[in-house]
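First comes the structure, then the notes that go with it.
Just so it is clear, A, B, C and D label the chains in written order, and each chain counts residues from 1 on its own.
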Amino acid sequence: MIKVGLLGAGRIAGVHATAISSHPGSELAAVSDYFPEAAQKLASQYGTVARTTEEIIADDSIDAVLIATSTDTHSDLIEAATAAGKAVLCEKPVDLSLERAQACQVAVAKTDRPVMIGFNRRFDPNFGALKNALVAGEIGKAELLSITSFDPAPPPLEYVKVSGGLFRDMMIHDFDMANFIMGDLPVSVTAVGTSIVDPAIGDAGDVDTAAVTLTYADGRIAVIKNSRRAVYGYDQRVELLGSEGLLQAQNMLENTVVKSTTAGVTGAKPTYFFLERYMPAYAAEWAAFVEALTNGGALPVTLADGVAALAMAEAATRSAKTGAPVMMANILS
Amino acid sequence: MIKVGLLGAGRIAGVHATAISSHPGSELAAVSDYFPEAAQKLASQYGTVARTTEEIIADDSIDAVLIATSTDTHSDLIEAATAAGKAVLCEKPVDLSLERAQACQVAVAKTDRPVMIGFNRRFDPNFGALKNALVAGEIGKAELLSITSFDPAPPPLEYVKVSGGLFRDMMIHDFDMANFIMGDLPVSVTAVGTSIVDPAIGDAGDVDTAAVTLTYADGRIAVIKNSRRAVYGYDQRVELLGSEGLLQAQNMLENTVVKSTTAGVTGAKPTYFFLERYMPAYAAEWAAFVEALTNGGALPVTLADGVAALAMAEAATRSAKTGAPVMMANILS
Amino acid sequence: MIKVGLLGAGRIAGVHATAISSHPGSELAAVSDYFPEAAQKLASQYGTVARTTEEIIADDSIDAVLIATSTDTHSDLIEAATAAGKAVLCEKPVDLSLERAQACQVAVAKTDRPVMIGFNRRFDPNFGALKNALVAGEIGKAELLSITSFDPAPPPLEYVKVSGGLFRDMMIHDFDMANFIMGDLPVSVTAVGTSIVDPAIGDAGDVDTAAVTLTYADGRIAVIKNSRRAVYGYDQRVELLGSEGLLQAQNMLENTVVKSTTAGVTGAKPTYFFLERYMPAYAAEWAAFVEALTNGGALPVTLADGVAALAMAEAATRSAKTGAPVMMANILS
Amino acid sequence: MIKVGLLGAGRIAGVHATAISSHPGSELAAVSDYFPEAAQKLASQYGTVARTTEEIIADDSIDAVLIATSTDTHSDLIEAATAAGKAVLCEKPVDLSLERAQACQVAVAKTDRPVMIGFNRRFDPNFGALKNALVAGEIGKAELLSITSFDPAPPPLEYVKVSGGLFRDMMIHDFDMANFIMGDLPVSVTAVGTSIVDPAIGDAGDVDTAAVTLTYADGRIAVIKNSRRAVYGYDQRVELLGSEGLLQAQNMLENTVVKSTTAGVTGAKPTYFFLERYMPAYAAEWAAFVEALTNGGALPVTLADGVAALAMAEAATRSAKTGAPVMMANILS
């Protein structure tokens, strides 16, 4: 039984608390938060105790921490927790600064503790089935990947301002998805972005709509499209053309009911947002982490994966400013 | 917190054990089974104790029982539990004998205890959305209902022999679905059945494929189709034509991946069987039971609903023998 | 080059005129109609002449007639045309009277002239693909057939009164489709009907909504559902469960555009009515007729097929009055 | 009645010959081809005469010419025909050289004769429905356009070598589609291309797989993906995200039959190639041309549209070499 400290008590922490307590191999030992009352509230809900982050990290009876705090604390907490001998599952992104994330990677390497980054979409059964079909050779060799990822509505401007920008905050999931499907880093990243959804987002120095093209050493191409606003829901699709066919992972719908009237044939909308869509993925992610800790296998998503996705976000951010391609080699060197 | 005794420790009891323990308003207090080891095993899995059925029913600290034993014990256990002051959620069908079920209904009425029958499909989000759309007037007035309900594979012959026959064992779910959607009992039931899937089922006196037509006092019609074998999975669809449109609740699929190759465009199969398809429905069913007990509202499925569906199964069984319609008035009088 | 006389100049005759003139192996030689001006108008449109029906039948240079007149004239015209040595393609139904149709069949047999009945749906590419997949063994042995056939709106009451009733006028297409798919006549026909769409249709002695169950000697079952009103368009679907799978021929849609908004995910409606849906089928039907005449092969739909479907309609009409099954043996003897 | 000379007698000329002769307002007066026997063959098929191109252009009784010859002759023939007073419908592209096409545009302007370019996809009912929905405001303001356009198989290498390259030969259709949907030219064009399908195509100096990003003055973005090989058929989809929803024009399928077996749920493939998919579009294109000539309205696709698409192809060709964006202003100046 793995004893787990949960750092953070916000919305996503609640999702993780459920996963941790429902899993037969793990136990929620303590919760901390910047706001002690929030930690207290979540702790009572799950029949555990609220403590400070420092206490949790110092407690040798705790085997692992799940970091669901604000992004600017991730690197420090990863370093502190691994230094204290704990295994870590940390929410994405590792950091907003690539340099800081790379330093964290170096520090962690010295501890030899397992650190997994919470790219939950890798555990979505639909994207998983797509990847499995590819690996099984069902469409031959991959050639052209397309990722469509639209949020239902833009976040508050206050959030936008501290988010690190669309590429680091939102598209980072899609960069990791590209890495997951393609099994390799791209050679170049070319990005265009616009603030057509809300000019105030542009005024804040960010974009709300973007298209990024990735090229690979062997000639493969990937295209990622993001929008902060798809009024019909959370649009999450992956499409891969291969030498022997096409794979498409389509949206999950709220239900299967179809209504035909004089107005047309209408089905349900996609599940509204990430909590609904990826709830099973969060549970599977946690199960994979527990499995790796328990049986000693490789982590399915590593800190290196987190750094790679951040480097791609960095490249895209630069490219969107000039329109010119940015070579990954220049970013990672 | 409702304390619950679970009678039965088979496969479906396991599903209910999860629902009972996961619900914040209920607690699994004890498990019993004809085979004490089975009860013991399930009890340890959920951190509770195994006791005898008699002990559970006699224990005044237990508020409710969930009956998931073999069908021939349902009526006796409902009567015993309600006589002991307990609320009851009983798996379908109430009984194989309509007469016995009606006697049970009379006995329960004297106790005034709530008895809900486990027609889980009423809690499926898809069928629920269809019903809601109908109630909201989205397709006008209902006219013609179609229910398609195919199992992936026939049960063992031994089971077929004691099942009460396809109409009481399998189609009873669809009779209840018709009652749920139509909000009224039919006037007549006309059935045809055949053992085209496996002649041995016919030799055992049952059918494996059937079509039943229901007529209603106001002119509505319903058609139910059952097969014991759909090799592609568990096929569960409802379709309703109304004066202003059509509603269709389609199958849940294993995932959303679609593959296009020279062989065609292939999507995933329906979720394989009732545990997969109706898992969320079992949880919602239990939540509705707890809600009614806690807040004193009406039960969403009553013992009378269980008797009504059984009466329709009785009518269909008779009609399948002669081909002629059987009037519900003759069955229920 | 087959020279063709077209008897009738109504809407469906126009469809046939196009098919006849577009086919490289046939030529529209003349048109007749009860209203000479109608014949004249259609004839000019297609660059041919208007003549009387008698003249067309008497003209030895005309090889074939296509009968698209009112149903009450079909049998007489089939007999006159075949007696005059002509090949015939006659719109369905052969007649409203089964007796008269059978007499016609006897008369035609003496002439040995080919007579094809216009069950155009056999030539629909979707139903054809379903049948081909069945014949190719793709779903094993057929077990349970379902035909859904809804018109967009009821015909005028005046038409209803002379139509022979829903079973002879509308469901006759579905009886023939059942014969086409199942490759055999049913043993029994059980029908229920209601006038829930428009009580005036009931007052006129007809039904507007009906469900019919067919049983076959080898245990197969078929279910046919008809409604005179599906406000969303012309709903034409066939579904066949077999020992190794399910085949579904779904509706043709007006276009492939799907719109996702806050109101849901909406696609186009089915093509509106039979002219739109079956336009390619009418051309394929005519091509098959020309092919059989030219190369001497068997007709794909015979006069016997027309009589069989009419006999099923007769059985259904009787069954709908009593609810009891009607044996085809009693109808055909 | 418009008398039409058809220049060219290849495969696509045959499609046009059908459209011209089937239309009640036009007549196929003559056919020419580089190979006189080909012209002769097509002419006999449609009951008209074969002549030389010069004779057709010189014949004052001929009102319009349809140019379906090889691309390198388009500009010369457009100029000759308009100088001779004829209306012109010319297959795309106008020319492989943007400079030559622009010179042609100048020459034509002096004649004031109508010249339409054969971007047949504008007349596809699906793309038309998408555009209509946009114009009707059904998804608010356009923001992000995606065009997927995959051929079933690469053309012969000999063709690739003289085709002008993927951007001018294949993606030119998609550039025009972007112009049709967006109603404006882009500001910048950024392209990546690869020869992952067949390295021999790369050796011939061309690409077989490409992704192009377009940016617009008002912040809109468009992404176009092309592949020369989609083994499952001709994949032609358009998707547009707007401020109030998403529109998707999906593929046309060979038929509507869906088969469910143990292998999954399989539907038909997309219609195989452009002749099948766009047959109705070719007829509608011709009808629109005749309509404009007859009633004096504006042409739905102009020579300027042809030049614009060619300019975008030129920009993409340059960008694919460097990876950097190419400004349309630099191309068009």
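Assume contacts are C-beta pairs under 8 Å (C-beta built on N, C-alpha and C of every residue); 3 or more make two chains touch, one makes a residue touch a chain.
Values in this document were obtained by computation on a predicted structure and should not be read as measured data.
By residue number, more than half of the contact pairs of A-D reappear in one of the listed pairs C-D, B-C or A-B, namely B-C. The copies chain C and chain D differ by a rotation of 180 degrees on their C-alpha atoms, rounded to the nearest 5. The geometric centre of chain B is 41 Å away from that of chain C, both derived from CA atoms. For the pair chain A and chain C, the distance between mean C-alpha positions equals 58 Å.
Multi-chain contact residues of chain D, defined as those touching 2 or more other chains: 230-232, 235, 244-246, 260-262, 268.
Chain D contributes residues 143-144, 146, 148, 150, 188, 190, 192, 194-197, 209-211, 213, 215, 218-221, 223, 225, 227, 229-232, 235, 241, 243-246, 323-325 to its touches with chain A in the complex. The touching residues of chain A, when paired with chain B in their complex, are 22, 125-126, 128-130, 133, 138-139, 244-252, 254-262, 268.
Every residue of chain B that touches chain D in the complex is listed here, in rising order: 230-233, 235, 253, 259-270.
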